[in-house]
Structures are given as C-alpha cells and as structure tokens.
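Have a look at these structures, which come just after this line.
Two complexes follow with subunit A in common, the first pairing it with subunit B and the second with subunit C.
Let's turn to the complex of A and B:
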C-alpha cells in the first residue's frame, strides 16, 4: 500500500473505533488504547479523525497522546520488555540487572533493535515488589529475576 | 466430591511460575485419572512461598511451597491429596505464623476463595454488608462508615465517612463513585491483590458507596501495568451485573448502581485524585487546583467520591459487623486494620494485615525477617517513592498516620521497601528527584523545574563540588517544593530526599579524590 492508501486505511479503521467508543463518558483514553491495540502505535493519521469525532482540536489530541508514557508514535518491536526500575527492584539489584540486559541487547531505554525483534522500556512498578526484581515481557510477568534469567530473556527475544 | 487443589492465579504467583505448576498439575492429575479440581485462587500474600499450592483436607487446608513444576510428581507421590508429608509441606495454612499473626478484615477472603465464584464469596460472608446497607437510609450508612473511623487508605488518611457525607449533601442530578486503583507506589500491591484475589469485595464496597451518596455510576481507574487485575475485575463486574449486585436495582432494592473499568496509560501522577479525574475525562493527567473539591465538582464537574481500593474494600465488613467492630482495632486516630506490604530486599516479603500500632521494627525484623541478602538492614522507605527513608534508629515508630507524620514521614499506601547496607542513599535521593522529573505533570513550577534542578544539585554533591553549599541548596529547594507544589508529587518528593540527607549524612560526603582514583 502506498502511504496515501495507508493513511486512508488508518483513517477508516480509526473512525470505526471512534464511532464505537464515542458514547462513553470521557472516551479519549479508551479510544487511544484501542487504536494502539489495533495498529501497535498511535499513527499520526489517526489524530485528525479522533479530533473531528470528539470535536477537539488536533493539538488537544496530540497533547493527550504525548502526555502518557504508554502511547507510541512508532510501532514497537515484536517483543516488548518492560523492566521495573522502581525502588523495590532497585533494592534487589535491579540497576545492575538493567545495565546487564541493556548491554546484552545493545540497546538503551525506549529503543528498538534494528531487526525489529525487541523494544526495551523502563516501567515504574509492576506491583511485584515482594518478588523483585521484576519485568513484564509481552504482557507476561516475571519475578525474582537474576543474571541467568536476564541472559535467557535476552536470548529468547532474539530467537 | 472431588478434592480441591488451590494454585494461585495472582500475578505475584504467576511471575514466579504458578501457571507452569498448574499446567503440570493438570497433566499429572489427568494421567492418573484423579477426581481433582484445580482452583486458581488469589494469593495469601506470602510471596516468598509462591507458588504456594494448597490442598483441602478434613483438617483444613494444607500448604506446600514454593513449588516448582518439577516438584509436582514428587508431591503427588508423597500423598499431596491427603495433605501428606513432603519437604515443601508448610503444614496447615491457617497455622503458618505469618498468617496466624494477622488480623484479616479487608483481606478476609483473599487467597481462600475462587475470586470469580459468587457462591464462594457468599459462603465466606460476602454481600452481608451490602444486604444490610440496602435496608438502611443513606444518612445511616454514611454515619456508620464515619463512626468506624475509616480513613483514606490511598495515603491522605482523610476520613471516608466525611467525604461521603459531602457528596451525599451535594446537589446534583448525577453523582459518581471513582475508585482510585492507580496503585503506582513502589512497594505496594494491596490493590492489585484485592482486584485479582477478591474483586467482589471491591464491587460490593463501591455499590455501598453509591447507595450511601446517591451516586448511580462508578468508575474504577487502574493501571495499564496491571493487565491481570483488569481482566479479573472486568469479569467480576460482568458476573455481579448478571446477579443483580450491579444494575438498575441493586439486590432488588430499587437503588441503581453500575460501574466500569478504565485503564490508565502509564502516568504515575494520575494516582493523584484530580489528575485521575482529568485523565478519566480524556485529558492530560494534569493536577487541578483545589477547591473546588472533587466531592463538589469532580468527574465532569459533578459531585464525586474518589476513594482508594482498600478504603472501599474495607466498607463491606464495616457494614456487616458494625462500626464498633472495626473501630475497636487500631490506635489513636488510626482505626481498624492496615494491609502493610513488606517488599524489596526482605526475607519474608508479602502482605501483612494488622491493626494499626505495630512498630516499624516489628514489621521489618520480626515479620519480614530482615533482608533477603542476609546483610544488615540499612534503611526502609515507607509509603512509596514519595515516602521517607527511615534508619534503624527510628524503627520504634508505630504504624499510625500521626506517628509517621511526627517523624517526618508518611504511611502512604502502607508499602515498606527494605534496603540492605549496600544501598547508597545519595543515589536514592537522586532517584526521588529523577522520578519526580519523569512523572511531573508540569502544571506547577516547583515540581516541574525543581525536580530537574534537584538531580543536578545532587550530582554536584556526588562530584564533590562545594558539597556543603549544595546541601543547603537542596534543603532550600525541598522547602520550596514542599510548600509551593500543587499536589503530593512535588510536595512530598522532599520526604525521601531530606530523610536520606538527614539520616544518612555519610552517604553525602564525596569520596576524596585520592580514594576515588584507586
């Protein structure tokens, strides 16, 4: 699909989501969540459609999208690792594990590997503070991480 | 009747392999053609023992843990189904000292029942509070909650009954109950455990709040970092609706109340009630100035109760057993129980619900068993990323809202994060500023700019550039943030910073150049 057709496709799929969720009280976040679930990110081409549907300015919609850490401007890798960097995980050596994992992946925070295999993101608490250090990989939770587990993880997401 | 095996489906258990244990157990059971039912319960909160498998016997439930998938065959061979002996056997669950010493009111069912079985919920005292409430006048419900002494468990400690009274008396055709389940503090997981382990108690609490204040619609705002909790509470709401616990006539009372789940998008500041309301309305999670209070002008400008998960989940037992029953636990102005979450570098990490008044030392050393690494405990942070670091010398502080305030700290959402003696408190102070900078909503200057300046000044101390002068600057900056910020994010970031600086001055002395070079 050329970019013009792609934008039209994004717009029509966005319109369907907006139409479905518009009756909610405070529909913007549910709409953005569904859009990210649909496309894997929040495409620029979605913004004017949302703005029109909710009677907002495009700037207002952009303001909301850019405020929240969850919404992506570009698609993530095939695997997404969210590694907890908050205090409970720090107390169990989380910082050293984070350095190790970044080193093994050759990435910095928020980066996606060139082959599109993996994105690594910091997260501030997964509520797994009694089995720290913790991470979430593709929505699955992992606790009691150690050097070996991190090594396995780096290998698994590259496979 | 088939035997029941309990294997938790709580994310804390899943994170350490509970699904794999359950799968292996299911295979082993079907290979042996046994009449066994696997129940995926919530967690009892003994996380160092997870995955903890329990079996129902005539003498009560017997626990085994921590169980690995490879242990399953051995357990069955040792007579697991009869509560047989095995190196992993922990004896009768109820007699495990960590559980036995607790007073479980809010968490009475968590880990015991099938979280989505309404029959289990009823059989364990569920819906008794709501049943009482629907037969009462709203004023009487509010009165009972007020008399129980229940205070906001999210951290602010505001009397729940007073908040409800304000909303009850507020004029408005449409009022709302908003459950703040945006549990973002590191070291806390009580809200998550309730949503995953006993979601009906939260729904029941919200329905009672609705009837008490005249609100017919509820929203539960929770974190995208909690996908399992979202799945469980969403299913529980559907079940509650099918059984007339939610809907146009709650338990046939004629009172309407329904609710839905809303997912946040990774902004810590949305745990602040006014930022939460902005987010719920579909805007940036920017803090609102108060007044007006949410109780007068909350969601969509209408009267709104905003309560934490644990506050709401504590209401059913108050309506069931009475205000006196609840109020008789606790100390001073902190009444009832508090689910303390013991986390981080600690041997026995988990949830410990007890009456207010236990000392910090009892919780850390006695209950928590000291550090997981076996090294001396250096500091504990109480109340999340905005809570103070307490040194051992202050471990006699009782768990009580006022006592913590008097010591320059806060209970917050009752999470305790333990650090051993390898912790660098300068690094922790720096992180407090850094976290505030990452999560600041940007509305007020002390928080937005102060947090970034704070990181820079701490870096100067670390580099040994006029450290004494920098420390004065930090104190001055913290003072500005404390008194000049709109909400607790900027206003409380000084707690971890100043407590680290005050109680651990040795960590803020730059390493002499000659030593650093070695």
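Let's turn to the complex of A and C:
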C-alpha cells in the first residue's frame, strides 16, 4: 500500500473506533487505547480523524497523545519488554540488570531490533516493588529477575 | 504622551455582587466574592510576583512564583488560584516566600538564554522583571546541564533544541525562550476559541506545539495574535517589534476594518507604528483582536499609496500630478460647468463607510448645501440598507438593539446569513466563549460555516437553505411558534399592536407556510425547522445575529421584517441577552447611515421632505435645501448612461469592484465627464476617474467611527497624513473651492455640528468620548451616557409592528443553462474589496479568490481540486480556481470578492431588494466549466486597468498647455 492508501485505511479504521466509543464520557483515552490495540501504535494519520470525530482541535489530541509515553508513534516489535527503572528496582540491582539485558539484545532504550522481534522500554514502577527487580513482557509481569532470568528472557523473545 | 501601561490584575474580575473584606500586607480592602488573592492584592496596590497568570485567562497555578502565606492556613498557596474569604489575612512577602521564589526563578533561568541585551523583549519581558523582583543574583546550577537553549551542546547537536518558527508573516515562535507557562495555549483556547495550541510531551520535554507539532502556518492557527499578547517572554514576538524595537508612546484608537469596532493601542516609536495591541477597556472587543486589526496595517505605508493629487482629461490619458490647489480648482470648475450645462442634479457624491462620521457628514453636507441636490448615497446601499428599512418599519429605528456584551447573557443564538469567524472574528470569539459555557446555536446558512461545527462548538440546528429562500424559512419558524402556541402573549399585548399581531398570526399559520410545505423549495427538513423554532421560543434569552446573507437579496427588507417578527413574537427584545443584531460589514457603515448619507434622509434618519428638519439645517447652513430625495447609486449609474448625470465625487469606496453587475457600473462611470475618486490607492473605480484625490488612513486623522452596536469610538491621529491632508480637510478644501464658507479647524467641531442638529447625538462631544471612552447613541437629555440596550420600556415607534412576510421567489432562477446557484461571502484574512489587506502579508492566507464547489457537482463536470474553471452567469463570466468541499451543498457554489483579478461581481446580476435597491449578491444562477485561462473579459479588463494606471513620469514630459 502506498502512503496515501495507507492513510485512507487508517482513517476508516479510526473512524470506526471513534464511532463506537464516542458515546462514552471522556472518550479520548479509551479511543487511543483501542487505536493502539488496532494498529500497534497511534498513527499520526488517525489524530485528525479523532479530532474531527470528537470536535476537538488536532492540537488537543496531539497534546494528550504526546503526554502519555504508552502511546507509540511507531509500531513496536513482536515482543515488548518494559524493564522497571524506578527506585525500588534500582536498589535491588536493576541498573546492572538493565545493562546486561540491553547488551544481550544489542539495543538501547526505546529501540526495536532490526528483525522486529523485540522492543525494549524503561518503565517507572510497575507496582511490583516487593518482587524487585521487575519487568513486564507483553503485558505479563515478571518479578525477582536475576542474570539467568534475563538471559532466558533475551533468548525467548528472539525465538 | 507615555506608553499606556494597563494594569494586569493576574486573574479575571469576579462578577459577584457580594463583597468580602480581606487584609493584605496590612491593607484592608473589599473585593467581590470569588476574587483571587492575587487580584485583590493588585487592587490594593500590591503586585505579587507572577509568570503564568494574566487577567485575560483563568488562573492556572503552574509557575509557583505567586505563592503567599495566609494566617491560619498551612503552606504557601498560589495566590492566583486561591479565592479570598471574609476576614482573610494575607502576607505576600516573607522570608520563606522570598527563598521559594528565588529558588523557582533560579530553575527558570538555568534553562533560559542570557541574551537580554539583544533580545526583542528587552524592556517588555516579564521573566526579566520577575528575576529583578525576586532579587535573583546567581544561578547555582550553572548553564551546562540539559537545556532547550543551545543548538549544539558539547560538540553535538542538542536534541532538545528547536529552531525558531518564522512561518507566520507577523510573529515568530522561538522555543528556546519558552518557559512553558501555557499562557499562549490558554489565550488561544479561552480568548480566541480556536484551540490551535497545546503543550506536547511532559516534564522537561514539555513544549508549546501548534497543531500536531506543526509550524504555525500549517496549524489551525488563525493568527489573531492573542498568544503573542499573552506571552511573557520573547518566545512569541511580533516581527515588527523584532525589526523596530520597543515602542515609546501609545495612543488609543479604533480599528478601521469590520463593524465590530475594536479599540486598540497604537504603540508607536516616533511616527512609526511598532504594533497594535487591543485595548482591555475597549467595550466592543474587551482586549481581543483578529489578524486584520492587530497585524494588517502595513497598507498605510505601502508603496502603492498615491500621495499627490492627479488630474487627466480623458481616462485613456496617463495621470498628471498636480498641486492640491490646482486639483480643487479643477474639480470646482468642472462640477459647476456640469451643473450649468446639464442642470443642478447632474452631479452627486458617495460617502464612505470606511471614513469617519465627521468626513461622511461633510460629504453629504457638500452635496446638499454645495451641489444643491440630494444625490448622495453610500456603500450601505449595497449591504445593510434593508436593515434600515425593515427595522425602521418594525421598531421605529434601524439600529441594532444590543451591545456586544449582551452575548454573555444569551441562551439561544440564531445566526442568519452571517459568518462571524471570518467576517466579524472578535464577535465570533465572544460568541464561541458563550457557546462553550452552554448557550445553544441555530445556524441558518446555505454553507456549513465554521460555527456549524468546529472545536468545542456545535450548532444544535443547521438549516442549510437554498439561497434566496430566507423569507420562507423564517416564516416557517414563525408558523411553528404561532401554531404550537410558543409565543409570548403578555409581551405582545403589552408592547405590540394586538390586532396587527392577530392579522400576522393568521397569515403565518396558513398551511402554505408550514415547514412541511416550504421544505420542497427551501430544502430544509421540516423537523429541523420545528426543532429550531421550539428551541428559540423556549430556550431562554434568544438573540438573533444576522449579516449580509439576509440583506443582499431581492427580499432583503422582507427578511429583516421577518426577523423582527420572530423577536417580537417570542418577547426577545428590550433586555440584555436578546434582541436583533445586524452585524455591520464595515467599520463605519452604521455611522455613515447615521450621518445622512442616504438621498432621502438627513442625519439621524429624518426624511428630507420634513420641513422642520430641513429648517434646522437651513438655518445653520444658510442655504435652502431641496425637499426631493436624490438619486441612489444604481439610479446615478442609470442616469449617467442616459446622459443626465455627469459628475461624481466618490470618497473611499470602490464601486466598480464592490457593486454588482460590473459591466453596468463600468458603462455608467465611462459615460460621466468628471469622476473624482478620493482614495488611498488607484482602485478599480479610479480606472474611470478624471481626478484622483489621495486619501489618508485611519492612523492619520482624528474622528469617530460608529460600530455595529451604535458605539461611537474615537479615532485618533498617530502620524501625519502622508498625502498632506486628512480626508475631512480634503472635502473642506473642495467645498471652499466651490465657494462655500466652511471653517472647521478640527473634527470635533464637525461633531459639535452633528450634536447641535441631530437629536440622537445631542449630548455627544469629544470631551464626553474622551471621558467615557465611547458611548452608544441615542445619547441625549434622556440618556446622557448613551444607550446600551434599545427598546427597554417600549419600542421607539410606540407599539412594535408585525408585518406580513410573503415569500416571493427571486427572478434569478437556476435552469438548464445556469444550473448552479452562486452565493458570495468573505474570508478571515481579507477585507471587502481587499484594497487594504491585499497590500499586507495577509495574502499569505488567501492569495486568490477560489470557487467552492461540492464534490458531486465537480465530478459531473470533470473538475479536480485546484483546476481553473470558468464561472458564467447571464451577466458575465470570469475564471478562477476551484476548491472542492462539502461545505457547500450540491447545487450551490461559493466565492469571495476580495481580488480584482477575479471580479466576482461581473457575474452578479442587477436584481435588487424591492424596497431599498440593495443588490442581490447572494443569489446568481451560474454554470461552471473547466477552463484553460482567464476569460476574454478578464484580459480586456486587465489591459484597461494597466493602461489607466499610468502616471506621467515628469511634468516636463507633458505637452505645454
């Protein structure tokens, strides 16, 4: 699909989501969640469609999308690892673990591997401090990470 | 004359009536309940340091500089977001507060450039002021950390740095100077209502973003400049300030664009305008402006301005520059010759809705007292003359009934044939603010204008009627109100003539006027009409605002009467929040009408046949006035073609471009022997002129403009006229050359003459205007301070008059040859014929007129977006580019008339309003076909215009006389 047709496709799929969720009170965040679920990210081309549907300005929608780190501008890899970088995890050796994981994956924060297998992101507290250091892989939380667990993880996402 | 420094109270005024008593730093003060501690302090004369607060927008509480301590409360609350309470004791300056503020400033400055000396805001920077106010002496953090300031950091590109956005022609956005106070974002939302700006990202990444991280020009920004005004630093700065520097004095004056009549401070350096800043005390605009008023004044110094009088024998000759004396003598001689040869009525004059009241008064005086006839007319003929007629009949005065503040009390607005976001932008912003607060909107317009649906505004009903069916739709609304018993019987019995109401009610109740019956030819679904009628009649305070889409029809006057009927039948007259409000097109169209510009009326709308009225003027002027009404503009042109009307003095109006049926205007002008054009530029009409008298801009003269709410605003001179004479002086000298004994040394003397002769202006004087800022007429013994709302206790004519409004379709119909209906309008960035705005950077938004066409109609004709198309009617044809849009309904096309190259009025017909001759600009049957170039007519026109604009290089080249 060329970019023009892709935008048209994004627009029509976005319209369907907006149409479905518009009656909600405060529909913008639920719409953005569904769009991210639909496309794997929040495409720029969907923003004017949302703005028009909710009778907001493009600027307002952009302001909200850019405020939340969870809304992606580009599609993520097939697997998404979110490693906690907050205080409790740091105190349990999170920094060294992070170094190791980045090294194993050959990636820096927010990067996606060239084969599209994995995206690595920092996250600031998963509410799992009692099981620090913690991470979230494809929506599932993992606690008490150590060097071996990280190695398994790196292998698993490449499989 | 110093620079006017308006006090910034930090937060908007509270409208509460109850007051509370607070003590701030030992000073006790009573303020309205709901006032912020910050505002109360300012009223007590104590300025609490602040950055994110300004009184044009609501409190936000983000900068943490305005903290105070309150006895009996913990912590250090922000004074902007804390309302006062009874007995509150506030301390604004303590050791703790000083430390916190200095710490906050230290953080701000650690991420801010230190180029104060070369910064455009130097001398007008709140950040600089606050650094001084809190005693900042050192920044302990240094400047080497992460920042938004430097393009390169440690030899690498700084990813946080954003380059300056200079896309807008009038202001720049320099993100490196931004302190993210959100004032611009809030001004755009709360004041302007466009929502073009946002804060993107979060934390240290937060940036002001137009649109979706776009440039200002590509975003939704309409360049009103509210953000620039709100910005406390140099982040958003007028390019004129960057180029010139800070102003040193300012003068309050009135904008010369639309009928809103915004008050501005002209901020000056010497005789150079540095910037125009809307004046907070301006009662029409309350501190707001649009792109035209704030920025588009560069035409005043444009190189195209003609600065010397010019004369020529024939219109095919090049112009010859002459002295003022020679020009006046020539005109006087010619006019007297024409009157001698062809009779007293062979000459006339046209007054301008752009010029001041005083100048207009002089032109009609020149015609009546000097020419000895009543051949005077004005451009209001082609816009709001039906308003004068219709409201005059129904209420007894043609005046709009409200002031603009009234919109703040409105619950339901009906907007008919007006597009305020383009035509009256500052009023549109005030309306949108009210709509966001919950008022309902009904739009009656063939086009889907912005107010039908745009960010945070949505009309409850849009009635997209077929052009030309206004009367049928309004009568159908009345039908619903009468037959469903929604009328206000008590109001009608008290204020109107009951038997006339009964007659009218019987008429509108006829089944032929039901929404179901009229739907067939108006195209408006009956249910929408019924819903709108119920909402207006039962929704609380109902106000009607209307524009030229009402008046510029063959049934313009009937539509105005139908509007008056609706207001009366629902009791929506005579208090704030209701009324009938004509949105006047030009700055002084109200004033021009007030000043006796019509051939049948002396100043104050008094018929020329009245002996008593004539007597007043005859005694004062020492002449005998002709009791017979004179010629209207179209009649003058007809008479010119017939050979009985030979000379005309046209002040500040371009009838060739603005009046309908261009070819007829051309023929009329070409037939005359002495056409005198008095204007800033060689306009289109000047192509047919024999004498050109250079005009002056609103910046170069004293006077008054009267806006759409009858408000008389002062215009003050801020620079000497570049052409040497203000317009009133030109008319004065011309009159003197014609042998009239006129002596005015200042426009205030002319206003005194108006006051002495015209009862509704009896108490108006420059002294009063200087004292009050402005007054709304009637201003007389009964209302010495003016009249914000008309018809408070009864109509001017006594009882309100219901008038039957029979729908008669226009003779202009679409058919097989011309299957589409053309309607015309305006766009935000351009004004009227564009003589001024086309000579400013506003062309960046609208460089040419476009033809809006529905995708369905375009596809049938094989027209793509942006194609050159030929637009043809029975009158003529022109070519322009197409814009495919669903804003217009199928069968309807739309264009503007801002550019002479297009000459949309060559298309419009000579059909006019039955009562007033107001032309039917809004309905023309047309055909649209693909085209590959300008039409023959456009080429001929261009050739003639180029030929006609030649000015002889030197007097020496002229043959000896």
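Operating definition for what follows: the second predicted complex is superposed on the first by the 159 of 159 C-alpha atoms of A that agree within 3 Å, B and C clash if a C-alpha of one lies under 4 Å from a C-alpha of the other, contacts with A are read in each partner's own complex, and residues count from 1 in each chain.
Just so it is clear, contacts are C-beta pairs under 8 Å (C-beta built on N, C-alpha and C of every residue); 3 or more make two chains touch, one makes a residue touch a chain.
Just so we're clear, the structure is a prediction, and the values are computed from it rather than from any experiment.
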{"item": "Touched partner set for A:148, first subunit B, second subunit C, both or neither", "value": "neither"}
{"item": "Touched partner set for A:88, first subunit B, second subunit C, both or neither", "value": "first"}
{"item": "Subunit B versus subunit C, judged by how many residues of subunit A each one touches", "value": "B"}
{"item": "Partner chain(s) touched by A:139 [first = subunit B, second = subunit C, both, neither]", "value": "first"}
{"item": "Partner chain(s) touched by A:63 [first = subunit B, second = subunit C, both, neither]", "value": "both"}
{"item": "Which of subunit B and subunit C A:47 touches, first, second, both or neither", "value": "second"}
{"item": "Overlap of the subunit B and subunit C footprints on subunit A, listed as residue numbers", "value": "63, 67"}
{"item": "Residues of subunit C that touch subunit A when the two form their complex", "value": "194-202, 209-213, 219-220, 453-458"}
{"item": "Interface residues, subunit A side, partner subunit C - complex", "value": "44, 47-48, 51, 55-63, 66-67"}
{"item": "Residues of subunit B that touch subunit A when the two form their complex", "value": "11-12, 14-16, 47-48, 50, 183-189, 191-192, 224-229, 262-268, 279-286, 299-300, 341-346, 349-351, 372, 381, 385, 415, 417-420, 423, 428, 431, 435, 438-439, 441"}
{"item": "Residue ranges of subunit A in contact with subunit B within the complex", "value": "25-30, 32-33, 54, 63-64, 67-71, 82, 86-92, 123-132, 134, 136, 139-144"}
